[in-house]
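Two complexes come next, and they have one chain in common, chain A, joined by chain B in the first and chain C in the second.
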Partner chain A sequence: MPRKLPGSMKVYRSIKRYLLFTAVVALTTAAPAWAARISDLQETSVWTQIAEYFSFSSPIAVQTLIGCSALGLLGGLLGCFLVLRRISLVGDALGHAILPGIGFSFMIIGAKSTLPLLAGAIVAGVLYSLVLGFVSRQRRVRPDSALGLTFTAFFGLGIVLLSYIQNSPTGSQAGLDKFLFGQAAAISMVDIKVSIILLVITALAIVALFKQLQVFSFDATFASSIGINTALYHYLMMVLFTLTIVISVQAVGVVLVVALLIIPPTTAHLLVDRLRSMLILSGFIGLLSGAIGSLFSYLYSGIPTGPMVVLASASIFAFALLFAPTSGAVPKLLRKRQRRRRTELENLLKSLLEFNRHRNVEDSTPIALDDYLRFSESDPDWTSRQIKRAQRAKLLLPGDKGDTLVLTDAALNSARRILRNHILWELYLDQYTDIAADHVHFDAERIEHVLTPDIISRLESILAGRTIGKTDPSRGNA
Partner chain B sequence: MTQAPPIEIHDLTISYHKRPVLWGVDVDIPEKALVGIIGPNGAGKSTLIKGVMGMLPLSSGYVKIFGEPLKRRRRDIAYVPQREAVDWDFPVTAYDVALMGRYGHLGLLQRPSKSDRKIAAEALEKVGMSAYRDRQIGNLSGGQQQRVFLARALAQQAQVYLMDEPFVGVDAATESVIIELLRDLRRQGKTLVVVNHDLQAAKEYFDYLLLLNMRKVAFGPTKEVFTNEILQKTYGGKLTILSDAAEATREHEGVPKH
Partner chain C sequence: MSFHDLFIAPLQFEWMLRGLLIAIFLNVSLGIIGSFLVLRRMALMGDAVSHAVLPGIVVAFLISNSRASLPLLIGATGVGFATTFLINGIKLSSKVKEDAAMGIVFTSMFALGVVLLNSFASHVDLDPDCVLYGDLLGVPSTTVWVMAVVTLAVVAGVILFYRQLQVTAFDGLFADGVGISSNWTHYIFMGVLAVILVIAFEAVGSILVVAMLIAPGATAYLWTDRLPPMLTGSAILGIIAGVLGLYISVWLNCSTAGAMVCVSFLLFLISLIASPKHGVVARWWRRRKLRRRILAENLLKELVRLNAREVAVSFERLIELTRLPVRRLQKGIMRLRQRGLIDRPEPESVRLTPDGEVEGMRILRYHRLWEAFLSSEIELPEDHLHRDAEEMEHLLTPEMEAQLAELLSDPDKDPHGSPIPPSSSN
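== the complex of A and B ==
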């Protein structure tokens, strides 16, 4: 039977959908605010610049915005499969390993033009996959070492080639150094067209082949048992990963490109429970990060785009980590606090009821505060604070005479329930488990607050069977 | 013409990295039977059913499903992998997983229809998991996870079911749900092959037993093969000759050790 969600959980569920909205607002307001502070040192106001940016009058700005957003969306969508299949590091390695391809391609063509660079990068990517496969198969080479070893080797070669080109007369103007950290303004119209085509292909592939990609990423063994060609889907994914990385490298750089593929999906995974929602949310986070990154890259030409995009998505991730409704640190803390306070309140009510029963008077008899404090073993200050809280919650009302308290009906019910739970649990522990009698009280003190109605009714039926039938062979001592 | 058996395994040899782990297994699994595969660790139990499912390359021999190659009868055979085989944090609900049982019946671009959805929901109902249909699978207990796997297999509406250790790490309630389900399926005329390592349970639950230890030791009705002598043969001692020969094969082929 499903456990009923505590009331607080329902509240968190309902705010779930507003959470992201809040994140968006926070980020979009925080970003310009921060920008504004830096801008004090500059001539033009940042606000003017932002207004300019969003008037879409500058073609370069529009170009970067579209380019970065498209890449963010692309990475966010595709990255879900990278993250869910636990091969994020392969993406990272691939991002670094394509660098020599870019270098060689430039050396052959002699100019920076999108398609040859893409071709070079793809050749390097494929070559890298083959080398990685070969090295991994060698005895005594651990798979993780093989990955690190091969991609750093490729990356080293790429750096050597790029440095060589930089120092050559034709190369110094090419701006190949931008490949390391990215420069959104370097995105050409061709780049944008290619990335949008890639985005459309990827989105279509995900929509059309959703069920195959889902079952293959979740349980490859089962997928192959129902006749899905897992190798085919693996290679389809790898090709799309490579293309995405290659096309994104100009904007965010080789070093950080994998962040586009990892951070948005990981963030979305924290927040949602189904693949479809994860894809949508992750794509959106990617798009948003891309847009924020390109805005900053426009405002401050000195700041490379890549790091800004990564920082934007990392901030969203951090926000989700702290405030995710079920797993977030802050909601967890709040729930814990709420539970603790409820327990304290219930203990107080229980103790007041016990006091009345101890005096052999009606449960609802008014209680003189001083008498109770003398009876109670707990710290008087603490008790007084709890009493004030109970009064605020309308569980205790002032009596006719000064300084007396009356338990309301709700309070009496709650106290009786807790007392009853306690007794049921002690009886159960005593009769059905081998827990020593002097241990029982402490357990019951904790358990009495958490027993669900379902458990209570089961306890009742077990204990009822015991008293009527004396023995219950099916339950025995278990 | 006599009806071809649900599964015909003929001279099946399977190797990992050229090292044979199963040698020349011949078995005809009879119809409408509950068959247990037992044997010590490393005997090749999981390997055998993966081989039947076409997930591993065969070094020799063949497998036929109702007299036909697997490719033509895939929809008639359902496979339940070991529970550890998947990532339970994956963003799918119990219902999503059950629905995956229908995917094998759908075309490349086809989406699950209303009737597919109904079948998946009924499968969850049969394993007593309806109340949890919208739970993310990581929030289920081990036994519940195994039931979801079973629901997925039920949704496949196959004739033959192959299950890899369905009783491992499940609670007593789930174990009895599973065994009831297996018996129910057999009553409906299905054939069930279950890898199991618990001998006591094997003796109780299965009509037939296949005893494996790198090769077929025995196959037959449980009463006939569950004898001390055969168990001794299956579990007693290492088959030094077989494993030495396998090692020699590996060295001969020059494949690195794993």
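== the complex of A and C ==
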């Protein structure tokens, strides 16, 4: 019989499940849907533009594509270490915190040129790490408050500087607001060169220090106990994070830059377990989202690139969350449904067999449906549904007389096996645990469907010599 | 620039008065709600929700096509709720950890909001830059009334449900134990948070608002251990930051929200350094005092061991025994002389006064009593006793001494066989 949850609990669970489902679907579908809507407003069709983009005829498009892909790859590789160490939000904080550096260096230089702005951003990033370190060391300030407080303070200062520059007579043309949400078209050759150099350094560091980084990311305490200098690796990683964030800011903006570092690795982690494959997959997902984002930014130049890249990788993440073979929500749901159906079917066959034994006739005697329904305590609708499924599965055959059923050999075997499992388990609970005799039945009802052959053979050897058969503790006739 | 020019002159403008009202209302309600966020260690949840309500706000704007607050409120509050559900759902149903789940959900929602906003910028009366830092001085006067009502409601709600909020903020399990549902309190609290974040959005945007939530609470927490003064303090700190930030933004012609956050953080840093109980300076001062006391007590103990009541002990001998740097030793001896615990019969040697001997005996007694305790009760080997006792001798109190003496039935020898001096109170 199907196990019944209390009604309210059931409703609550299903609401929760559907809320989650719809939210994820909304997240996945919204991006393309809105994008389509926007394209209606444009003159040339999207496909022509896409074809144009991939003909690599426009040097700006090529530059954007290479830049965004390189940054995506970089973020995907490095982000693995951020995600595995569960400090994703430190990346977010670092992203926001470099804004005042950009503002200050603009105020000093008075123009927007890549290298000075990057230098300013790096100084701000380092300064931020120091401030965060100082504030986090105070025991009275909780870690989450410390993080939230410091990065918003830096960001606030950055906003003050930016708004001050923008409101001043010389600064209105600076285009510094591009740093907030990014504009991939603004990627220069210098940016690309820097990011490729950084990519090479990162790749070399990962290859050369793979063992150490692996141990360090999964278990820092263990790493330091076997003599790995964890502080060194921490700072090495922090420097690489800062550089990556700083170089990516141009393309995706300070507000959303962290998504570049956490979404691809988290997605990869859903799909694979080993660090090596996670790195490769995450790098690939990063590259893909970067490329998609740059394409969108080429198609809709009015919309900042950062959010586009984020939505591209979020869609991949949502897809993985739903359809990852082992941990995905949909495969999980399907597996659960399959299990439930098998259990229901097995329960029906068992009940039919019990009916025949109850009447003291041969196991394979045809069963009149009406008689059985009178005997069975379960809901008639449910029973007839199960019978139809069993007939489709060729487990039940119609008898000679009208409205009778015959259990096939396969069905008999399955029912006998379940019945035997049930009794074995009840016997085991009765003999080896302190569970009251009237409690063993309910537990056995569930376990009978999941006992594996090797557990059964172990149970048999434990219980060898005990009476097994029609005696069964819960019926009180042992 | 006189005081009048700086502070009074701007008040003649109606927008400035309105701005002040908004700054005060907003910061009071944000500060109070934020205190609970700080105590519940949910500061980053506040960050996530404030980012994530953006698409809700934009869609509500698109549908109602007005700045009227009700549809906005409902739309965005719904999205805020969905975000907490979504983060929780991802965390529970997959192996994604909470920080990554939070990071992914709020960046994605925020990105969605920005894209929506930019694609429909021409249809909505909403400036994309507003998302980042709001427009406090451009808020219509109807919103001021909404803010006033919400602020009053927050204050009234906190007073009415004070017990529930207090208990759940500090110990959710205990709250459940005494029959206050921490789950319900949590969801109602998240609802109120979402409403306030939406209302604050127009004025200060959705990123900087986090600082206004957390900073006053975290700052007040540095000054007090009790909830009522923390709430009041955080409201007052919020008002100071709001008003001062508003003035600064008017003087410099820069973002109001940004200026408020800077002032807020400055107040936090000042408190972190100067708070009498938990401040860096106060803690440093306490550590210094402890260090000095330990030095003095160690010197006295050493002098008692050397029987310096009768024989003067030379500096050289003390340096050799204690291995202290000369300067520290000199300073320690100078302070002991000032307290009249030792005197100096010759320039380079010291002798204990009667008071000094009593004090030194006390330390020696504590040291040996503790060694006896470790040896007989904890059964530590003999060569492990000394180091531990070296620290505990400075920390024992007369009550603990009495208890130890009673527990060990007033021993007269320590485990190494040296005599334990009698208690000074006898």
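The working rule: the second predicted complex is superposed on the first by the 417 of 478 C-alpha atoms of A that agree within 3 Å, B and C clash if a C-alpha of one lies under 4 Å from a C-alpha of the other, contacts with A are read in each partner's own complex, and residues count from 1 in each chain.
Operating definition for what follows: a residue touches a chain if its C-beta (ideal position, glycine included) is under 8 Å from a C-beta of that chain, and two chains touch if they have at least 3 such contacts.
Treat the numbers as computed from the prediction; the structure is a model and nothing was measured.
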{"item": "Fit or clash between chain C and chain B when superposed on chain A", "value": "clash"}
{"item": "Chain B or chain C, by number of chain A residues touched", "value": "C"}
{"item": "Contacts of A:H269 with chain B and chain C, given as first, second, both or neither", "value": "both"}
{"item": "Contacts of A:M308 with chain B and chain C, given as first, second, both or neither", "value": "second"}
{"item": "Touched partner set for A:L73, first chain B, second chain C, both or neither", "value": "neither"}
{"item": "Partner chain in contact with A:T221 - chain B first, chain C second, else both or neither", "value": "first"}
{"item": "Which superposed partner A:V194 touches (first chain B, second chain C, both, neither)", "value": "neither"}
{"item": "Chain B versus chain C as contact partner of A:Q138, first or second or both or neither", "value": "both"}
{"item": "Contacts of A:R86 with chain B and chain C, given as first, second, both or neither", "value": "both"}
{"item": "First, second, both or neither for A:S277, with chain B first and chain C second", "value": "first"}
{"item": "Touching partner for A:V249 - first (chain B), second (chain C), both, neither", "value": "neither"}
{"item": "Common interface residues of chain A - those touching chain B in one complex and chain C in the other", "value": "86, 138-139, 269"}
{"item": "In the complex, chain B residues that touch chain A", "value": "50, 53-55, 71, 74, 77-79, 81, 85-87, 89-93, 96-97, 100, 103-104, 106, 108-109, 111-112, 131-132, 135-136, 152, 156, 256-257"}
{"item": "Chain A-facing residues of chain C, complex", "value": "38, 41-44, 46-47, 82, 85-86, 89-90, 93-97, 99-100, 102-104, 107-112, 114-116, 118-119, 129, 132-133, 207-208, 210-211, 214-215, 217-218, 221-222, 249, 252-255, 257-262, 264-265, 268, 272, 278, 280"}
{"item": "Touching residues on chain A, where the partner in the complex is chain B", "value": "1-2, 84, 86, 137-139, 208-209, 211-212, 214-215, 217-219, 221-222, 224-228, 269, 272-275, 277-278"}
{"item": "Residues of chain A touching chain C in the complex", "value": "16, 19-20, 23-24, 27, 30-31, 34, 37-38, 83, 86-89, 91-92, 96, 135, 138-145, 147-150, 152-153, 155-164, 167, 177, 180-181, 255-256, 258-259, 262-263, 266, 269-270, 300, 302-304, 306-308, 310-311, 314, 317, 321, 324, 327, 329, 332"}
